[in-house]
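We just call them A, B, C, D, E and F in the order they show up, numbering each chain from 1.
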Amino acid sequence: MEEETRVLKTLFIKERLLYDGNQIHSHWALRNYAILGDSIVAFIGPCDVKREEMVDLEDILKGEVIRAKEMLHFICEHFGVSLKEIVFNQRLLVVCAKEVLEKRGISLFRVGNDLFYEGRKLSVSIATLSPISGKIHLGINIDPEGAPVPAVGLMEMGIDPIIFAQEVMENYSKELVGIGEAMCKVKGVP
Amino acid sequence: MEEETRVLKTLFIKERLLYDGNQIHSHWALRNYAILGDSIVAFIGPCDVKREEMVDLEDILKGEVIRAKEMLHFICEHFGVSLKEIVFNQRLLVVCAKEVLEKRGISLFRVGNDLFYEGRKLSVSIATLSPISGKIHLGINIDPEGAPVPAVGLMEMGIDPIIFAQEVMENYSKELVGIGEAMCKVKGVP
Amino acid sequence: MEEETRVLKTLFIKERLLYDGNQIHSHWALRNYAILGDSIVAFIGPCDVKREEMVDLEDILKGEVIRAKEMLHFICEHFGVSLKEIVFNQRLLVVCAKEVLEKRGISLFRVGNDLFYEGRKLSVSIATLSPISGKIHLGINIDPEGAPVPAVGLMEMGIDPIIFAQEVMENYSKELVGIGEAMCKVKGVP
Amino acid sequence: MEEETRVLKTLFIKERLLYDGNQIHSHWALRNYAILGDSIVAFIGPCDVKREEMVDLEDILKGEVIRAKEMLHFICEHFGVSLKEIVFNQRLLVVCAKEVLEKRGISLFRVGNDLFYEGRKLSVSIATLSPISGKIHLGINIDPEGAPVPAVGLMEMGIDPIIFAQEVMENYSKELVGIGEAMCKVKGVP
Amino acid sequence: MEEETRVLKTLFIKERLLYDGNQIHSHWALRNYAILGDSIVAFIGPCDVKREEMVDLEDILKGEVIRAKEMLHFICEHFGVSLKEIVFNQRLLVVCAKEVLEKRGISLFRVGNDLFYEGRKLSVSIATLSPISGKIHLGINIDPEGAPVPAVGLMEMGIDPIIFAQEVMENYSKELVGIGEAMCKVKGVP
Amino acid sequence: MEEETRVLKTLFIKERLLYDGNQIHSHWALRNYAILGDSIVAFIGPCDVKREEMVDLEDILKGEVIRAKEMLHFICEHFGVSLKEIVFNQRLLVVCAKEVLEKRGISLFRVGNDLFYEGRKLSVSIATLSPISGKIHLGINIDPEGAPVPAVGLMEMGIDPIIFAQEVMENYSKELVGIGEAMCKVKGVP
């Protein structure tokens, strides 16, 4: 008898990739890595989001840039979810990343989907809907050079981004399994 | 990288059990067999549904009985589904059972959720909602004695109910995996 | 007092039409045949899906073609449904088509949404979402010439595609009425 | 080709009935009048809701009574709807009743689900969920005697409750058909 | 302790604006007026909907024009709603507008989402979905010149459109608060 | 123009109350504290959940007890949510509590919905559905005496439970506002 109720596919891509915003489109993991179904994929590379790929209208209206010399990127896709659900997933992914760093003795401060370390920004994140799926991008600075605000990166903290990435993906996956199990064991109440 | 997007738990219970209708309650599989999550469970035994456990109001209003000397019973539970979705699941489960018999050269006629063989009734089925989950009962006659209408059973057809049960559960499980995959590979259209 | 809870509109189009994939767009039946609401429309004609109209990403990535000299095409539209629901509808439509052929003594083998006859492929099918509706295409070969795999058609089976089409549409319509009724007659369970 | 996408069943019950609150339970129309599916049923009779059948917690906490000597009662049941949807349906039913009286030259004032005539209360209404369906009760005073607040009834207005009831049910039915059609004719926007 | 469960943002724009259909796109209020969240915005100006911005396919197929010399326009946006919910919202907005005029002694006749005064058309309205939100446009003629059908406007009725607009927005806002409260105070029923 | 899209009502009850499990029923806050709508309520008192009020079937099957001499209790109610959504809310509430302690220099370890301090359990939590709403109980030990596992409490940590409670409720409220805003500012993607 199987033990897991739902399995998230995880992949760490070894080659360096520029995050330019196209990875937030639906089926990016299927089109490029033959991953069918809900997934979280991580890779390392610079961040320079093209104007036309920005999805946060507040950022667009303020003319902000989303840029860093080197980042660890997570791309999640969950099929058949609502916008509310993908935003909840995004919060939990950010919390997972924060808690993996806490285990290494690094104290972070979270404001919504943003992580801060000693007053400097560590991450960027967005969640949105495609016609078929919900998508999340979470970028954690490795080398924050080029960021438009005071920022910090994993390099300065002495964190190996690859081991960190694996642990975040594993914990996020367990988090979702746990949520599924929590839904299956409770009685309703009057 | 994992290959399955969603795994249905399957169990064949070896001991004989009376189906009296309480098995349609939520968490029956968790309370009795420690199965947490979506599941299909099969067992063999008589069918005699207590009046207060009947869930089909048309049957109740007509004063019908749901009874047979020996049946193969399938109990499905799917968490977090709507009534419509559990009724769709029920249709597919009935179709799976029908097709497993077809592979053995037995031609059946389906009307909604009822299967007929040479004009006699082979099965009973109901789908409903608990506060937490959707539930399905599908009973396939082995020995239809006591049924309130002309009926037929697997015994007369020379079908081994245990092997049959395993194959139905496996095919139903694959059907659901296939549905999940079909949802994850299509582009939206304008 | 009215008897039907929900009525699917059905139409058989007498003129021959090429299925090139644009029929999977939303409101095709409204724009061309003034059909407002949920519908199933059938017509006969060749199948040659334009690259840019293909919606199955696995097919696109493999460079597959969707082609046959003559097919019976069914186009379904259901408004306000989820991707999961339209995929369920698709399975039931395929099952309806299979069962109408079974009644004529033709044994088919179903794998997901594909029908096979003596090891050869009889059908193609896709289900997807538009911004406003769910859409299904089911194509049943009449003359499979040009198909990229070993295939079979209704012509070889001696089936009249028009009578067959009418019966499939009628049975699918009844199937949906039956599903609606199944949802309205059950008591909830604890 | 059928013209209606969804048909609400309507029934006027000629015998007088006490509304005591049990009619708000699911399947009341099926159990008593063999109506399967979404429905609106009307009847005339006194109103005296039993304490244990009251569903408005604000009323219960304030110790209010729901009572009138003679009322026209509407009981709606919609299967598979959310609480929000049944509350929307309730508003539209109240608006339909108001507009049928307006056509007869009677000006009413609506506050949420309550109708007032010259400062006196004409109606009571509640909407809630059963495990399987959404339910609405709308009671329009005919003779308001016994009501706990200043009230008015159709008798004083010179309105025939039976003709009025038929027209309300017909208009509510058209309203729902119109809503269904409005959903099927629009293009999505960027 | 806060008293409101959900607050709709309201804005009356003082400058005159042409309604050409682009205002029905998502985030129009955020992009132009920095309004984040559910909102209703009103403004005054001519109406001349560009062909490519029309969303009612029945209008498009009939070649109709949507035009008037001067209108009071309401633009609503509700995030995370279904097409059905936005159509319900549209009906209630139209009813709110009608009732505000009734309070000024003006009797209107409503057919679906259209308002009529002495047989002439007072309003146009459409509701649709963007990928992220539901949108409503309700246009009430001030000066109906140029309308393709016999029409009437607020000017002829002697109604001040600005005061009227404020009252409609306020009542619509209260209507939604009332619906939210109605959902939070009822007990479920068996 | 209003600034908040959705407001959660918060209340700290000054009198001590036993948490015996009945507070997880729907409308507890409305019935006892006249709070209509989504809410989070906190109070201090012992924890001793009656067998028949336990909702975690795994706990019930293992014969576990849920008990502590003194706890800070949070009771949340969210109307119109799914089981999945209330479980997501529960995770975020637990994370909020954890982060308020982190700000005071206390490092915790989270496993699903459980918080641990130096290997000892700090909290219990459950989320479930009533017919009308989703409900959460989060209990944070003040004095863990009587707990069935090694446990720790706020008293030992030197945390003032009242100030802590206020900050958790405030942060949870902001978290939900932030989630609502995140849903309203993003463009969809292809």
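Basically, a contact is a pair of C-beta atoms (placed from the backbone, for glycine too) under 8 Å apart; a residue touches a chain by one contact, two chains touch by 3 or more.
Since the structure is predicted, the reported quantities are computational estimates derived from the model, not experimental observations.
With contact taken as defined at the outset, chain B and chain F are each touched by A, D. The minimum number of touch steps linking chain A to chain D comes to 2.
Two copies of one sequence, chain A and chain F, touch each other mainly through matching residues, since over half of the numbers at the interface are common to both.
Separation between the centroids of chain C and chain E, computed from CA atoms only, is 38 Å. Counting partners per residue, chain A has 26-27, 30, 36, 57-58, 79-80, 83-84, 128-132, 183, 185-188 as the residues that reach two or more other chains.
Applying the touch definition to all chain combinations yields A-B, A-C, A-E, A-F, B-C, B-D, B-F, C-D, C-E, D-E, D-F, E-F.
Looking at the complex, you find that chain C touches chain D at residues 1-2, 4-11, 26-27, 30, 35-38, 79-80, 130-133, 180-181, 183-188. Across the complex, chain A meets chain E through its residues 57-58, 61, 82-84, 128-129, 131.
Those residues of chain C that touch chain E in the complex are listed here as 27, 30-31, 34, 36, 79-80, 131-132.
Chain D contributes residues 24-26, 54-58, 83-85, 87-88, 90-92, 95, 99, 102, 107, 110, 112-113, 126-131, 135, 175, 178-179, 182-183, 185-190 to its touches with chain E in the complex.
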